[in-house]
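Chain naming follows the written order as A, B, C, D, E and F, and within any one chain the residues start at number 1.
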């Protein structure tokens, strides 16, 4: 089996999608950032009045999605038509869970944008609370839904 | 305990570092991308001749580090003086392990740049092999070393 | 009345425009930068030979329009199909008047791009003459025309 | 009097600051966005739970400051060491007042970054409430404080 | 004959392409970087194991193509659907020959993106070997093929 | 002889410059764009009134220099302290000659920024006159002066 991002000689290229149909596409990616319980407490007490970590990370995730083609070398630029980043504090983790859902009407899938939104939101949480917790860990970043396009619907178990 | 990225009223700001000393700083972050064993096999067979996934992801990690202040809202721009991204295929994971070490001579720490390098490298691996494996997962992204600056040396256990 | 940029829980998102029709859209925004009369004189004497403040600010406005989705967090990226930035010296202001007209064929309006073009052109004038005038003021930035799309034609009085 | 951004022949250049002292510099810029009273009401009712227009615009202003050298053609890149964007709802305007204070330790002033922060914050407010008010106006953008560097302290009256 | 990038008064603008047909377009640009024979030897010995100059420059060319509208002031942003950058070591030059082929489905030609890919790839080769050769020269950058769109097929002799 | 941009195992990295002295550095790069004599005539007749190709390309070159670390993968970000882009019409070429001189006070040389300024200015000329001339060629891009730093003064013959 060979990878589409390389031609026959092994040279990297941006895959030719010019003959692919322009279809409605959607993808959801999820992930989390784990932290000490007292770190999560500080975040959960925050709001627009006391320091809204969640709101800022959500916004960073949305803006990060728009930079995907800049960050990922062989990624096609895509006209993003929707970004929603859902963030929830989970005391059982303990930490913050992140889910990003994106839509496009384009010639290739939008899961890289969803993954980039999740990563950027997680990194932004990290940045804002790193002064009080040096042992946080970002993980579980994966695609849970992908639909539209030739390869059909994919849902993670 | 309060977060430095917010002022007394809870408004987000970019922290004033103008009175902090300009010191030599270093940080290392690590992470991994897990995949099916046969996906890792495809990557391990690759090289400059057959599709160098590792080399491209390493480069994306280095370039991603330079975009950190663009991606993370309250992050200071820093004059990066070194970026090394180490990537290794680990059949026991199975997947690819990533470690990024960065240096700066500046007024604030460089761990966000190290974490961004790791994240971007992992996302780039994902992008290049996603056609053959839809169940990969990025995780374990954390800081393992941070030194220089007032808060002293930190090493993860 | 609620704002479209927030979901029911109040979380910011990039509005889903994937079901909106792709239509031809146009927007014009205007604004000005006020300055001392002698500052305007210096600008008016300039040309490609003696320092073309107006030409440089116009170009910055055009380039700024292309960065709108980068600057405005919840703004959709749009395929800009035309940018014209009109700049005129007005001794009665005294200062420089700016008008930007943009077109797109897309799923959402292009007035943010027009406003960003005007703002960037005004900031660029400021930058180039700030050494001789510290009391300039940028103002009057508003949309004067918006057409195409579901909400119909809007013209400022 | 001639403008420093042009050489003797009138060609634009980025001024040589290599012989200027590296000093601590500060600048404050202010501005506002005027709107209908009922539009301001919607914003004032918002918070992290119901749609935090002010928090998002503040963040956009901070991030916009970091893009100044990208937007303004002849502006030097500067190592920003602090950004604070203060936003307040003023029912007498009616609208939102914005003040941005920035610091750097560098070879040239930081007022363009302060002005860009204010402009970007104002544009972001515009974007988020434009669906309910098409007649908003951005204005009053000017420098109110500049200090550090050879030209000494400037305070607007 | 007049240039399309200027209006009747001579002011620069981004040309209105909103009435042009959306067609399939292709362009190829070529160029080279000349160097000392021993410098080329070092590059030719390189691969993913010993320092893959060619692979890195190819990737930089692909990523550079995506930044074209950012770099070239009056260039329209285009949805790139394919980028291939072909690089070959030519001992007769001596140096590296570069050819970039791009596709889009859009309202204007994609030759500027092809030229930018070639330039960026050449600059990247320069950067990586400049420590051993200070007399390299980049040249021969031109369009060899352009097709799609109203002006018809162009092939360089 | 080995290349500094690769470590012992051949992996690319951004070279560690943290122990290099911060010194005053300068570099000049030159290049040209060749065209048909009648194309050059159109450019030479232009000015701020009739379409200032030269002024726009000069500005693009200055702005392009600021994007060097974004374009060239292993290039360090540098605090540019001066950019001058000199452009002259040469009927003997026939075409436009470009020279860019840059300064920095930093830990590594600034010749990549000078080369990027020249390339971007040349590409911008190309873009603006491509409608009347499809056979232009960009070439002669090389470093003519480099000084400051450990390796001493270099002047091209």
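Throughout what follows, a contact is a pair of C-beta atoms (placed from the backbone, for glycine too) under 8 Å apart; a residue touches a chain by one contact, two chains touch by 3 or more.
Worth saying up front: this structure is predicted, and the values here are computed from it rather than measured.
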Farthest chain (mean CA position) relative to chain B: C
Per Cα centroids, the chain farthest from chain F: A
Angle (degrees, nearest 5) of the CA superposition of chain A onto chain F: 180
Between A-E and B-E, the pair with more C-beta contacts: A-E
Centroid spacing, where centroids are CA-atom means, of chain B and chain F in whole angstrom: 31
Rounded Å distance between chain D and chain E, as computed from the means of their C-alpha atoms: 36
Sequence positions of chain F contacting 2 or more other chains: 12, 47-49, 52, 55-56, 59, 63, 67, 70, 73-74, 79
Arrangement of touching chains [line / ring / star / complete / other]: other
Full enumeration of touching chain pairs: A-B, A-C, A-D, A-E, B-D, B-E, B-F, C-D, C-E, C-F, D-F, E-F
Chain A contact footprint on chain E (complex, rising order): 24, 55, 58-59, 62-63, 65-67, 79-87, 103-105
Parts of chain F lying in touch with chain E, wherever the complex brings them together: 1-6, 9-10, 12, 31, 38, 42, 46-53, 56, 59-60, 63-64, 67, 70-75, 111-112, 115-116, 119-120, 122-124, 126-132, 134-143, 146, 154, 156
In the complex with chain E, residue positions of chain B that touch it: 47-49, 52, 54-56, 59, 63
Partner chain D, residues of chain B touching it in the complex: 7, 11-18, 69-70, 73-74, 76-77, 79, 106-107
